[in-house]
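Chain nomenclature is as follows: A, B, C and D, assigned in order of appearance, with residue numbering initiated at 1 for each chain independently.
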Amino acid sequence: MQRLENAVLSKAKELLESGKVSRVLGWTKGEFCYDVSPCVFNTVDELKNFVYNGFCGANLSKYLINESKKEGKIAVFLKPCDTYSYNQLVKEHRIKVENVYAVGVECQGKFDIEKFYAKGVGFVASVEEGLTEVKVNGETVLNRNDVKLERCLVCNKKHVAGEEIVELNEKLPSDSDRFEMVKKLEAMTADERFAFWKKELSKCIRCNACRNVCPACNCTKCVFDNPNSEVSAKANATSFEEQMFHIIRAFHVAGRCTDCGECSRVCPQNIPLHLLNRKFISDIDKLYGEYQAGEDTTSKGPLTSFTKEDAEPSDAVGGNK
Amino acid sequence: MKAILKDKLNLLYEEISKKCELYLPTKEKGALNFKKFDGENEVDIESLQTVKSAKDFFFPQTEDMVNFKTEGKNIEIIDAREKIETYVIFGVRACDYKSFEILDRVFLVEPVDTMYKNRRENAVIFTLACNNPHASCFCKNFGIDASSPKGDVECYDVDGYLFFNPLTEKGAQIVNGLTCLEEVKGEDKVDALKKDITKKIEKLPFSNLDLSKFKGENLMELFNRPEWEELSEACLGCGTCTFVCPTCQCFDIRDFKTNSGIKRFRCWDSCMYSDFTQMAAENPRKTQMQRYRQRFMHKLCYYPSNNDGIYSCVGCGRCVKKCPQSLNIVKVIKKIGGEKND
Amino acid sequence: MQEINKERKPLIVAFCCNWCSYAGADLAGSSRLSYPANVKIIRVPCSCRVNPLFILKAFQRGADGVILCGCHPGDCHYTTGNYYTRRRMSLLFSMLDYLGIERERTRVEWVSAAEGAKFSNVMNDFAKTINELGENKRLEDLRCKD
Amino acid sequence: MQKIGVFVCWCGSNISATVDVKKVAEVLKAEPGVVVSENYQYMCSENGQALIRNAIKEHGLTGVVVCSCSPRMHEATFRKTCESAGINPYMVEIANIREQCSWIHKDIEEATEKAIILGRTAIAKLKLNAPLTAGESAVTKRALVIGGGIAGIQSALDIAEAGFEVDIVEQSPTIGGNMAKLDKTFPTLDCAACILTPKMVDCAQNDKIDIMTFSEIESVKGFVGNFKVEIRRKARFVNEKTCTGCGVCMQKCPAKKGLNEFNMGLNNRPAIYIPFAQAIPNVAIIDPEQCLKIKNGKCGLCSMNCQVNAIDYTMKDEIVEREYGAIVVATGYKPISLENFNEYGYDTYKDVVTSLEFERIMNAAGPTNGQLVRPSDGKHPHVITFIQCVGSRDTSGCGKPYCSKICCMYTAKHAMLLREKYPDTEVHVFYIDVRTPGKNYDEFFRRAVEQYDVDYIKGMVGKVYKEGDKLMVQGSDLINDEQVIIPSDMVVLAAAIEPNPSVRKIATMLTASIDTNNFLTEAHAKLRPVESPTAGIFLSGVCQGPKDIPETVSQASACAAKVIGLLAKDTLKCNACVAHSDEMICTGCSVCENVCPYGAITYVDKEFRLGGGKTEVRRVAQVNPAVCQGCGACTVTCPSGAMDLKGFSTKQIMAEVDAVCKR
């Protein structure tokens, strides 16, 4: 994977040097191998801190809302899943495309640092990445799938945007069903589902990380911050507010959520927020035909279109009772 | 020393919870947080750290202050402050305990925050030494000794036992009243553990940060450092760092319309939010960089300037672990804290 | 009416579109077709004006059931409004169900201005269902019940 | 803080019998903000209204709640009352304590309690009301009629007659439409040309009417009263102004292989041609596909022979922009294509023709000069079989599910004309049902059967095949319960009609809605049958649904009346309860535009101050209050809540929810 990083880095250099772009949006090194951060590089010199490894999970597309408004062209590196978010933002006129040079980058799934800890690795000093295996701290060999983020285990996304793609290996397909857990929940009784979500949502500290990281949650002012919305709040004072926040958060991105999984990645309490979004996706697929948000930049979303033969709400509610 | 076999800890929890409410680190749905003991808790005192800090006990995320009951055109005012009885918090780490000192300097100085005081005074705190500090820990920089966590009772997990070292009268009173404890000779073992912990801490990557620049006299220089731009560039403006932080103490006061009137409550706020401190309807800190700078300047410069040089960071490392984009205070310290960093 | 303080009756909030269902309710009234007094109607221009937030808010405030009535699909006064309603509510209700909240507590019914009898039947039937379910405990906000 | 007056109506005993109106008034008086609360027997009566007016003046009220019958009954009344007393009409809320309370509840205590809650709810909403003023927009006093058939002609003539200017845009080279192709018209059998061509001439001569033939709608912008339309005037290669229609060019043109569209392709025409003798405008046109000069630069005979130099081989399409106050859609119909009906042999046998082709064959100005001869061999047919409902009332998916409405009558007409003109012919008609509602229609049909001995066979035709010289029509006779085979010389198919295919594109440009069969949808099927739900768009003729000539003409005139009503106004009062976008919050994501049925939302880039001297350009939505009808679809689809609806704002509805839930 070192080769891939070099390839991405030299692409960044080439774009800056040739003057094709004036800035590059990528990831910068942290204190360890795993605490990388999104970063805008303005010069070739700054690229010495450029990094592209298995911990570059952050979806960079949302940063383009502001970055593309600035003067000059910016290059951005997009993993397959990020390209969907990018398209969706373009569709919603949030990105000034003429200021962006999008480059797709190979991704074999990104890591969840907590999964290394769970595997008994107390401190992750280095990770050598292979396609199916990783070597931690030069000694422990782990199956790549065992340390991947949940979203990456079920990912079969392809690059759907970008002027070019930096890819050394073809992406390994996943045969996991991303709706497996949704189906499991649907098969539970309503009481079990209620108990499940009550426990999950009661962990929420309303830090808004899920919302602020979400490329679809790009409102200038969120309803939950707007005192005129009658639902604004800075904390969940009751379990109702936990439910309301998460229902509405998911509802507002329904039909626009590309299932990039950032919400679950950033949740400090590990709430499986993607299960809410995927429920909507799964319902939309079932009721209105398969729809992948961000696959293109022009189609009307499922909640802004209809057919005369659509299911009635009474028939649309699936799942076990 | 008073001690209990670790596999008998449930007896201890049950005995304490019979006397008063007991809160301890509990695993639920993959996250560790303090929870009230109800006999079913999946207690975990091995893991280093709860997601939310122990400050919640004295300064909960939301807290009712006053109720206004309306009927027609009449309004009745009802004090909504809770009556608090003695309760035990078990398994507080040294860093979190230190955070109480920092919060006390905010809430217990005049005018005293009665709600905070009420909760603070009635708590009996059992701290726990950190057998396995994490790479993200940097408490040492703030004069915290994770091998002597302080509190009302210090606890040590060694050799299959949990040893108790009461430090205050109310701590001793509880420990002495516990029938499930036995007298075990353990001073040597505890000392050995302490040394081991100290050694481990010394080796941690962030244990020797250079904080020398963070002085009141450098305030303007630090404030104007150009590095704030790049440090804050990726900040999402979420409140994760503030809400997991044991020393963040900002709150907002809000009204909730109930069916019979209004409930006035306070809830945590985050200086990272764009709608924080709406002075004259607007947040004076318009950019995320300004908000980001505010948070770290407050921890490392403003607070110590007003509080005898005490930093309002305890090095617990929660923000290091939880920031969605891996921005954190260590990166700030290293960038602008002093020459000896890197 | 605090002084009455009768046994707590389930509360139903009915959002009705101005052109069909509200008129249907008027017809039910002028035809003297009764339905329980605990059904409270809120007039909206079109069923598509009903934000999921309104429905959640009603539950928060102590409603035990929420019903949304609009023109029959194809008959919307604004041509297409109720088609959007149908999709939005299908997804919302499905999500509530997914969270373990009783699916019978929410309903969408199409009632035309001519269907006074249907309006009354729908409300009676819904009230019966909600009576059987009892108090809404899963989507409540205790602060509102003080 | 508002000063609210509450007025509780007894409605005689309609309310007061079950609701303790005095108690309602008394309890509501204690609500914060309420300064006066009264009850009266008939609030809507002159005395009741005077009570309200006096209270407004005496107490300086800012808002009024009337607890009475349904707002659908008297909201307008009380709004006027308040307006006359000096407060904004939108500062009135009605609590419906009759239809929703006294009339359906029996228990006085329960009904009274509910009435109080409904009253409180109205108060809660009123507290958030803001005075609203309906905007006004000017009306461009000119109408556009799309389509120059009988529907468009009639609408245009009526509008022009009232003194307004009208443009007719017709896609083919002449106006007249399908009616110009017909021979005779039922039920009077007068000749179509005789009644249509004078109207066409009227159009041409009316100085209020501007006819643009061979033209198409390119784009439509704007809204009721203020449409901006781009019209593409396609190149006809002949100067319309100078051409005299002398016809010399047609004789000289060597390329004579073009299919004559007017004669349904049954004969040929030159590359330069006048569609038919009475065409309006009576001007030639060059078919560039056929013209040798345009195709390969050799020829130019027409130009050489043109006395007025009207020929211009280099002519280009031209875009004309015009402004209109109203638009009439009169795009008409065409018979469906019969590719799905191979069993009738239309594509295989020349002597199987459609009814419209048959019209041309029967027409004195048609390809056979009115002689009844078979297209295949020019022989006179003796047995002619008509097949009805070819593609109409078809649920198989091959044709159309609807009844084309005109076929029964024109088939009876054809049968009758045949028997009248050629008594030696034998005429059979296969039908499913014969539908003849209409003045003198059934009498007409009975004449065909009784007087002219037309053989009507109830049953469907299975197939048409050839045996020797004969077309064998095999069908079932349901009345005699037998299979029949009729050896025929000619077969005439009553093909279903469908909306002109161009209508879909036009409807999209107009944001007018369209049904699954491509017929334009009317604003209300019964009560607003000539208006589209989109304000300012009107429907004339078959584009709205199948109809015959008398019905088309009535609708065209009705449509004209609506247009005249609109154009007679100098300004339009808009709906006051419209959506508006909070530009400080709007992200310009365009989801609202997607759900707006009226095309009322547009986007602009606007500069906003960010503080610190910085500015930001953001795309934001703007609602045109003249177009918005106030449904609120956009308000819910907007994730940030930037869209809100005046009169039914999020805050107001939430306040109502709060109030009804209060116990």
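Following the convention adopted for this analysis, contacts are C-beta pairs under 8 Å (C-beta built on N, C-alpha and C of every residue); 3 or more make two chains touch, one makes a residue touch a chain.
Everything numeric here is computed off the predicted structure, so don't read it as measured data.
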Quiz item: Along the shortest chain of touching chains, how many steps lie between chain C and chain D?
Solution: 1
Exercise. Farthest from chain C by Cα centre, which chain is it? Let me know.
Key: B
Quiz item: So what's the Cα centroid distance for chain B and chain C, whole Å?
Solution: 46
Self-check item: chain B-chain D separation of Cα centroids, rounded to whole Å
Solution: 69
Exercise. Just give me the whole-number Å value for how far the CA centre of chain A lies from that of chain C.
Key: 36
Quiz item: Roughly how far is chain A from chain D, going centre to centre by Cα mean, in whole Å?
Solution: 47
Exercise. Hunt down the residues of chain D that sit against at least two other chains at once, touch-wise.
Key: 595, 637, 650, 654, 658, 661-663
Exercise. For chain C, write out the residues touching at least two other chains, lowest number first.
Key: 52-53, 57, 61-62, 80, 84, 88, 143-144
Exercise. Name the residues of chain A that each touch 2 or more other chains.
Key: 223, 229-230, 237, 303-304, 308
Self-check item: Overall pattern in which the protein chains touch one another (line/ring/star/complete/other)
Solution: complete
Quiz item: Which part of chain D faces chain A closely enough to touch in the complex?
Solution: 516, 584-591, 594-595, 603, 616-619, 637, 639-642, 650-651, 654
Exercise. Note which residues of chain C are touching chain B in the complex, please.
Key: 2, 61-62, 143-146
Quiz prompt | Footprint of chain C on chain A - complex, ascending | solution = 185-186, 190-198, 223, 229-231, 237-238, 240-241, 243-244, 247-248, 250-251, 254, 276, 279-280, 283-284, 287-288, 302-304, 306-308, 310-314, 316-319, 321
Quiz item: Which residues of chain B touch chain A in their complex?
Solution: 28-31, 33, 51-52, 61-62, 132, 134-135, 205-206, 230, 233-234, 236-240, 242-244, 252, 254, 256, 265, 267-270, 273-275, 320, 322, 324-328, 330-331, 334
Quiz item: Which residues of chain C touch chain D in the complex?
Solution: 1, 4, 8, 11, 13, 18, 22-23, 25-26, 28-30, 32-35, 37, 40-46, 48-54, 57-58, 61-63, 77-81, 84, 88, 120, 144
